[in-house]
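Below is the structure I would like to discuss, written out as structure tokens.
Just so it is clear, A, B and C label the chains in written order, and each chain counts residues from 1 on its own.
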Amino acid sequence: MRGKLKGILVTLLLALMTISFLYPLYYMLANSLKTRADYFARPFALPGAPLQLANYATMISQFRILNLFKNSFVISALTVVLLLAAGTFASYVFAKYRFKGRSALYVAVMVTMFIPSQVTIIPLYVLFSRMGLVSTYWSVVLSYVALFLPECILLMTANFRGIIDELLEAAEIDGCGYFQKIWNVVLPMGRAAVFLSIIFYFITSWNDLFTPMIFLQSMEKRTVMVALATLMGRYTGAPTLQFAGLLLAAVPALAVYIVFQRQIIRGLSVGAIK
Amino acid sequence: MKKRRIVLQIVFSLLPVLLVLAVFRVYPIAVAVIKSFTNWDGLYRSDFIGLRNYVSFIQSGLFWMVLRNTLILLANVPLQVFAGLVVALLLYEKVKGWRVYRAVIYIPQIISAVIIGFLFKIFFGFNGPFNAVLRAVGLGRLAIEWFGNSYTALGVVIFAVVWFSIGWQAIVILGGMSAIPTSVFEAAVLDGASYWQRAFKIVVPMLVRVLEFCIIASGVWTLTQLFPFLYAMTRGGPGFETSTLDYMVYLKSFGLGFGSDYGMATAIAVLLLLLVLAFTLIEMRVANRADDWS
Amino acid sequence: MSRTYLLVTFLLLAAFGLAFAGGGQEAQKEAVKLTVWIHGADSFIGPNEQQKPQGEWYIAQAFQRFEQANPGVSVELVVPPDQTASHQNFNTAVLAGNAPDVANLWTGQPIYTRKDVIMPIDDLVPAADLKGIWGWESVRYNFDPKGTLLGYPAGQNQICFMMYNKAIVKKAGLDFEAAPPKTIKDFDAALAKIKASGKTPILVDEAAQGVPWFMAWVADYWWAQLTGNAQIIEQDAGKKKFADDKGLLAMLAYYRSLYTNGYFRPDLSTSNDSFSQFLQGNGAIWPAVPSFLADAEKTLGADVGVLLPPEFDASSKIRNSTIGGPGQSLVMPKNGKNPKVAVKLMSFLNSKAEYLESQKVNTYPTVRTDVTIQELGWKPASNIAKLGKVANTYNFWVDNLLRSPGPADVFYPQGALVAVGKMTPLQFAQEMDKSVPK
């Protein structure tokens, strides 16, 4: 009896949580189908007829949101790839090699994580402009890679340290070189950290406004979040159009989560407990 | 010969990371730290003024309020790790409907902080749904202006941040659990271990490293990335009553309106850095794992 | 599984390809190419234009007309995402040497504090423009009539007013059309009647967007009446004390009394839905600027009325006025490469012909001195025409007189604290004094 009650309570809590997570999506959807005046007057009402599907048509045909997706995608994907490439080797070394100065170096890498990017953005801007990289994807990608690396290494190192040494030794005896060891042992065993990194940093880069707002000044190179931000004025702006855009922009981010979280859970779905 | 190869492996594995960090993080940070001793306005004015930024910020009285708020907000860290752990276990044990929960759990992370902030502000507004419920069940006395004073406002912010982070924590913890052999669980269930016993006697000890990551990452996030939430939810107000150190860094650098006092912003960022270092040291002590790295 | 990987690999290859392909593009060589920042929604781009393709926006077509009139010149439009941040971005871009040729910033202190990075245009402005446009004081250094000209006043002449709901006011037994409250005493009496009728007299969110709207749009008019912009500028520069400013203290005390008398919504320091509440008919008055008129009229129809602030001091030199004036400016960076063409463009955008052209898509009072309401085709009894009539008697934005870092950093975030009584008027004034940079 008590167990049943507890079960009901758990289900209730989880249901509440689910509703609260879905509500913002519903809110954006409902308001993206209203006129602006309607939204200002009744932001929490259901959209009345006629539904303003035009907001979506505009987003795709006039605002060319798919082009903006391309910019955001290039930036997010490059960030993730470079991050993983640099992070995997470093994390493996930090996790499994013992050498002088390791902990000092590790702490030094971690410390760079603690400075908010607002105070480093101007020196960075001047640096990128000297390198001729302002208004290119690389300015944003490189600053993201540098910004996310410490946390990514922290995550992967924590994970790689759990890999049993015997496995690595066995691989070595089998004639695996450095790269083969990483490819055949470290990455499969540390897959959770790799896929988590993909999800976190792809979505964080996708959603970020601050860095691309400052580095990407030409309209063609803009990310989707920067372009959508131009729809907000101090006084009125075009909020319903913005909602349509934000909802569309959430789709690729959500897809990345759905695709890659399966890979994380795959490892543990072998024998579930009822 | 083998030793040389290992040295090369270490060097070439770390070099790209160190290079990227040196150029794109350490260099701008060093500039910022130097500028914290100047009256830099983000442009040409940059005279050395010693510790004046630090002294005037600490003396302003704002410092202690902002520091207090920052420390109070850190309370969200254990809460979000705990909530994430509970949800991760439920997902792991495949409660009814787990596929749905797993699909929706990350949605808050994908939605713009502006929208989340707006909705929380309405929900906990003086005439919002939360107070309406309180009034309906006869608790009208408790239906206060939640954002009207610093403690309840920070409480709501903590609630919002925990809500926002459950999914993030849960998938990190699930990732860690994927390395635990399922036989361990099966044995525990056969032994009649309860849910809480399974959580704290099995999962937590085996996930020490992952949980440590959860705590550090969300702690650092709270200290340095909370700006968009506060901006959308409270604007650091009323007055400055819910402002934090990282919020002040933003205000002083990108401005309340249009001006900036970069010298001051960088000084506050350095103070924040000192605080985080203290936080990390304590965390390492508590986890008693500093020796692991010697 | 393998399909997922294949897809992912393909997308990644595409990403790399695009990143490298994008880098090689060189801008076409033009005789003169101007890059122009125009902010979305609050200046030359109207709220209803962003739904259209960019080529159909008024500003894009204006640029085309300018290009046709000036062969060899091409103009590139850039819409920055956040005007607050674009002030800082402008600094940084000048510092790095890649600023736009023309930038759209706010008037007043936001550009005065940037005078080191802005090129003065004194020698380049056509004399006819100096006569044909109001609001040059907003772009002359320190509001000095002889100060250096830093740019053009631009775009809208935003006139502050109190939007009210005629039906609610009528139910309270009042008629603001026939007998608008002229003095503070009338105003208090009217608010009391509205309150007695069961509706919130004034709906406003004084802290939700980082600006205390009632204070900046209405109460600042009283401050200007009592103290005068000239003295406020001196106080901002630290030559006089805000704490000694009787006008400021009186204005703040009255602002506080509106709260204690229950004329404001009680949660004004935490609310964020006043416009919605106003449109739903839950309150009588909502402080506004012309940008909001169209949406309000769409919802409330003929019930929307326009009320100018009552006079605090009937003996003041400033009367029958309100806060307003050009809040937007066009400026160029000190290292701009084409100053002459840039000023030509600024002048072009402010010409009478262009203003009339822009009115085909956006409705707002002008900064031109030579446009009549008849020319615009505004109905004399309409709300916009009423605002158009006071377009030349405005008192320039008091909050744009305050600098940041400085008194603006107290005014904006802490204004609401005075209303709710967390700060006394004197404490507020003293904080402003303390914030004046040395």
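The definition used in the following text is that a contact is a pair of C-beta atoms (placed from the backbone, for glycine too) under 8 Å apart; a residue touches a chain by one contact, two chains touch by 3 or more.
Computed from a predicted model, the values in this text were never measured in an experiment.
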Line, ring, star, complete or other: which describes how these chains touch one another? complete
More contacting C-beta pairs: A-B or B-C? A-B
List the centre-to-centre spacing of chain B and chain C in whole Å, with centres computed as mean CA coordinates. 35
How many angstrom between the C-alpha centroids of chain B and chain A? 16
Please set out, as single numbers or ranges, the residues of chain A touching at least two other chains. 121-122
Among all residues of chain C, which ones touch two or more of the remaining chains? 85, 92, 95, 209, 273
Where in chain B do residues touch two or more of the other chains? 42, 122, 253-254
Note: in the complex, chain C contacts chain A through residues 4, 11-12, 15-16, 18-19, 22-23, 39-42, 47-48, 50-54, 77-83, 85, 89, 92-93, 95-98, 100, 209, 273, 275-276, 279-280, 289, 291-292, 294-296, 298-299
How about chain A: which of its residues touch chain B in the complex? 10-11, 14, 17-18, 20-25, 27-28, 44, 85-87, 89-90, 92-93, 97, 99, 102-103, 105-107, 109-116, 118-124, 127, 142-143, 145-147, 149-151, 153-155, 158-159, 161-162, 178, 189, 191-193, 195-196, 199-200, 203, 207, 225, 246, 250, 253-254, 257-258, 261, 264-268, 270-274
Considering only the defined contacts, which chain A positions touch chain C in the complex? 35-38, 40-43, 54-55, 58, 61-63, 70, 73-74, 77-78, 81, 121-122, 125-126, 129-130, 134-138, 141, 209, 213-214, 217-219, 221, 226-227, 229-238, 241, 259
Chain A partner contacts - residues on chain B that touch it in the complex: 6, 9-10, 12-14, 16-18, 20-21, 23-29, 31-32, 42, 87, 90, 92-97, 100-112, 115-116, 119, 122, 163, 166-168, 171-172, 174-180, 182-183, 185-186, 189, 209-210, 212-213, 216-217, 220, 223-225, 227, 246, 249-250, 253-254, 262, 265-266, 269, 272-273, 276-277, 280, 293-294
Listed in rising order, the residues of chain B that touch chain C in the complex are 42-44, 118, 121-122, 125-127, 145-148, 235-240, 251-261, 264
